[in-house]
Structures are given as structure tokens and as C-alpha cells.
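In what follows, a structure is listed as C-alpha cells, so that the remarks can point back to it.
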């Protein structure tokens, strides 16, 4: 049952080093606190190894990358790998510019991150090292649907196998897989796509969940983080007044993560194993 | 009627490249989503042309400018101009430091942005290439009032004519004009000035509206964006509980944009043509 | 009575220059507006002296420091000192990396800030120029408690005396002191530690309060800012619905500052003079 990873994260209370974009960084910090972990943001190359050394997990998000921060990501990532901390890569906008695609590919090659969390277009861009992303949103033609699920699963498992990672491709239908096994998750609400940074937030929370679970249970811990985000999106939507919209919804999703517990996640998570 | 531009933006769903300050960037992203467009933030000079090329509009905001990002603004702006995308300049704090005044003037000269959106003190600083701005707020002595409206209109139309742009000078009384025609808009609430970034948000949304309308209707589209912000400020204020203040008000304004439709804007917009 | 400093800040309406981290900067801006002041964020070294020159106070926060912004902090700080503006240092994460500890120590030595606002672990790291901070949170073993209060007061007064500053060490129990006198403050809620940036917000608001009071009353003005944050935390907590959590709580605290007045602070502030 996935709910146990909610409890583990609250009990372990890991410190998560985030090198992440400045658009959604405040929400990333608050959702990491909401799930029971603590964030620290630090991107100066002369301190990232020291900061990572006092943490238990690292999330690298290229949403507003620049040459300086890419170097910091590589330095922090190498240190984290050496210490055995899980590294989560969020390849925001991979495929939207050659710089992003190359930076994501470089991080993938040099660091072999334990987890890759992106939308399906970003994952495809990373797999093909090219792409036609529509900015930071997934391309509609790429979306995972019941019709193309078998093909998507085969592609994602092959990518996870090749990269030795757990891959979380999130969208209307989420797939979380390693080279062998997958969770197909159907929590969440379409309205979540009208909020900036739900993906970034999930990547931060995923690092917290991954840092709190043994390596052998990483697939389950990542699936638990994805379900937590989706269930929080459903719960939060239920509390919206008719006049409230995307900005309040964003607050309420983090609030719902703050209230999430093992029992709720076990009851509300909707997934199939594949 | 201006409401049609709300519908056009939702139908066109433009992708807006934002090079904007890190203070208000999250709200800018959420309001762009709320009005039916999508934002992408990217400021590394080696990718800004690629990012702009997949977008339909560009907003340049100098609120936390540095030498690196000014170069990125110029590069992105030149690419956007070449592609025929509307460029919106928000000269935040022009007049507050020589660096800002010069940067805004440089962008104005090199790019000839299609739209300039600022408070009246910033517009004056830009016109005079000097200034005595009180930080990022308009100087009280500069404010557009019923008493000085004729003089303000003459000044703003002359500036719009000289810069071949649509100028939106916003405050208690908003003026949106090109070299010939103006909208004088009286929506909004004084409490909006107690929220950081309503101007930045409006600049982002203006790029979305401008990207969704033909060039010949740009004046109307920009006026529609300004009215949308003002009406949202009025609607949101009506939903505030007595104990709620500026931080919740900020969320509710974006919520109100999320719910804005053609009919509401046509009913609530209060403006005169001049 | 401390409430008078709420009124003074609203009447003086100071402009506060903030060089602060990108994680919590939006909340810092909104809380500065909420208490009646105005913020301006500027970190490019070529403009920070000009910006500081039009302001009345300066806050320096090293939460996401880099080499570029540390130089800007030093340049802005020297200008502010020359103009007699109070400078507030928030040594976020001092002790978490040698770079942060050294940067904070350098600012301390070169600028002699009028106010130092941090958690007790950060203050200890700064005093010892070393440390074992748990990221940006205080170490549990460092916490000021009724049991170790006498020792903490002796340490903090000695540090304030040595640095010629007002020191605000905030946590479950807050101490605000100069070399001679202290306030021991017991406002606030434990749930405030589940929000990112309450400390950063307090540092920004402290600069506003300090800029609005004569130098001879600085200790009282800083204590008033600390009490305002704590009382706002209590008030805001009372308005939370059962399903609301840390993200909404963050908004409501700023809302409560927006509504704070002299009478409320005088009634609700809980402190002892030592």
C-alpha cells in the first residue's frame, strides 16, 4: 500500500536540496514542508556540494536554467551520488530549446539520476534528444491515453531500463515505472494544468518521498508521491468556492498535502500495476 | 466591445515568453494561465531566441534586471520582432536608477516594442530619459486625474506616436492610447496598490491579449487587458472576508481573471474613448 | 508600548530596498506593503547604490546568495550606512555552508548592520563563524527555552554588544536585544515553522519598522516587528478552516499584518523585559 510512504516521509523528515526555477520555487518549498520534509535552495557552485552534504535528497529542475546553474546542478549531483542520495531530474521544457534538451541530456548522462519526473513530451525529448515541445506543456499528440497506453508503457519502461532510473511521466494519466514494473495512476483533475508549477512541486515532493524510502522501494515511493499530488488535487478541488479559481486552487492543493495521511492516500489512490 | 478579446485569448491560447522579475513571476505565470494563454519563462541568452520562436508574444519586464538578462531581453526582442510577435515592455522602476532608465531606453530604441505598459512616472521617465520615481510606485504628483487628463492624454499620445507603440499608463485612472486614439479607463480598486506585482501581471496578460488579436486591433486588445485586470480587482474585492487582506486579495484577483468572460467584461468595463 | 511602531510605520511609509532570496521574495514584498511600507528589489551592482539612495532602509538576506549578489549587498550596505539608513542582515543558513558563514561574517564585519535577524542556530554560527545548522531551520539543540533562557540572553547580549547591533533571534521563544536590554517574546504559533519564509518576511518588515523609528528606539521598533509577526500568526491561525493548511496559512498571516493596528498589537503582544 502506498500510504506508508506518506508516513515514512513525515517520520524521516528529510532535508531536500533544490536547484530549481525561480517561477515556482516558493510553492516547491511549501509543498516540501507540507509533506513533512524541509527544503533548502542553494545554487551557487561554491556551496552546492556543502549544502547537498547536509541533505538527504536533491532535486534538479531546469525550468529557468542558465550556464551558471547548470554547472551547480552537475556539481551538486555528483556530490549527492557519491553520498548515495537520490537525485530527481525535472527536465522542464526539454525539447523547447536545444539548450534545454542538451542540458537535460548532460545531467542524465553525467549523473544518472535515480528519478526522472516530467510530462510525456519532455520525457520523449530526453529519450530522443530532440523534440517539438509546446513550451513547458505536453504536446497533445504525445498524451498518454487508454488507447496508446501499451505503447507508452513499452517506451517508458525501455527508457527507464536504459537510464537505470524510475521514470514518472505525469499528465491526465500518469505512468511511474522502472525497467520492469509500472504504476498507471488516474488521480488528479484537469484543472491542475491551469496552475503553474504542479509538476515542479511534484518533483520536489518526489525527492522527499524517495529520500525517505529504501532504494529497493523507490518505484513505490515515487508512485506514492504522484498519487499524493493527484489526490491532493482532487481534495482541494472539492473545497473551491464557485468564485475561486486557479490561484486559490494552487494554495489548496498544498494545503491538502499538508493534511495528507496514510489512510487517506490508501483510500483515494487509483492505480493499476502493469 | 472589449469582451471579445477575452474570448479571442481563450480560443487562440497563445504561448507567451516572459523575461520578467523574480519578485512577481509566479503571479505573472498564473494570470497568463488564468486568461487562457500559457507562459514560458526563459532568460538565458543562449536559448531566448529558440524559446521566442515557439511562442506568439513576448513580455520584457526590468523589475530585477541585471546585465545578463538585459542582453537576453534584447536578443529575444529582436527575434520576436523578426517573427512579427508583439513585444510588451514593462519599464519597472524606470527613473529610480540610471541603469533602469538607460536599460528601458535601450530596449525602446532597439526593439520599438508594440506595447509599453507602466505607471505614469515610469512612462514619464522613459519619455524624458530621466526621472524622480519613488521606487516602483508612481509619484503622487504624476498621477493622472480628471483635472490634468487633457494634458496627460496629449503627452501620452505624443509619446505613443513617437514610439509607434500602444501605451498603457495605469494607475487610479488608466490611459491606453496610440498616437491618435485613447481609452480612459476607470476600473479597479485603490487596494490593488497594496499588492506587489499587479502591474507586472497586467503586462504579462497584455502580451497574451495582444498576441491573440490582429495588429490593427491592438489598441482595443490592450484596453481589454487593462479592463480585465480592473474588473477582476473589483470582483475579487467583493469576495474578501473582513479578516482577509492584501495577500488573499492577490490570489482572488487571479481567480477572477480565471472566471472572466466576454459578457462580464462588456458589462463591467468602464471607459471613455478620447 | 510597542503598538506605536505599527502606527509610525504606516505614517512614515518608508521605501525598503531588499536584496533577498528568490524563494520568498514575493511574500517579503507583500508583507512590507501590508505593514504600510513599500518594497523595491534590486540586486545588480551597478544600480544598488542608486536604489538605496531613494530608500529609507535596507534588508540583506543571503538565502540564495551568489558571488554577484554578495558584492551587491556590500555596495548597497556601504551606501545605506553612509546615508544613515538602518541595515538589517538575515544570515539565512549561516552555518550550513562555509560560503554562507563567510558571506554573513563579511557583511557583519564590513557593514556593521544595525539589526541582525535570524534563528538561534544562524546567530550562533555567525558568532562562532562556524556551525552545524540543519539547513535553514534552527537546530533543536540550539532552541531558546525557559530552561536555558539566562544563558541564551547572556550570549545574545554579548553578541549584540560586540556587533553594536540589535539582535533578533526568533523561534518558539524570541529574544530581541541590544548589549544591555532584551525583550523575551512569546507570540506566534508552532505551525509557522511549516511555512517557508516567515523569517525572511520578518526581516523585511523589521527593516520597515526600523526605518520608521529614531535610532534611540530601535530595540523597541524591532521588538514591535517581531511581536507583529507573532500576533499575526496567532490571528491568522484562528481563521483557518479545518481543511486549510500551510499554504493558505501563509497568505492569512500577511493578511493579518495588513489589518494590524496599534491597539491590537498593544493588547496581544506577550513579552517580558530582561
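We just call them A, B and C in the order they show up, numbering each chain from 1.
Just so it is clear, a contact is a pair of C-beta atoms (placed from the backbone, for glycine too) under 8 Å apart; a residue touches a chain by one contact, two chains touch by 3 or more.
Note that the coordinates shown come from a computational prediction; the quantities given were computed from them, not determined experimentally.
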| item | value |
| --- | --- |
| Rotation angle (°) superposing Cα atoms of chain A on chain B, nearest 5 | 120 |
| Copies chain C and chain B - interface residue numbers shared by over half, same or different | different |
| Distance between chain centroids, defined by C-alpha means - chain B, chain C (Å) | 33 |
| Chain C, residues touching no fewer than two other chains | 22, 26-27, 250-251 |
| In the complex, chain C residues that touch chain A | 21-24, 26-27, 63-67, 93, 96-100, 133-137, 194-197, 241, 243-248, 250-251 |
| Complex contacts: residues of chain C adjacent to chain B | 15, 22, 25-27, 29-30, 33-34, 38-44, 46-47, 50-51, 54-55, 68, 235, 239, 250-259 |
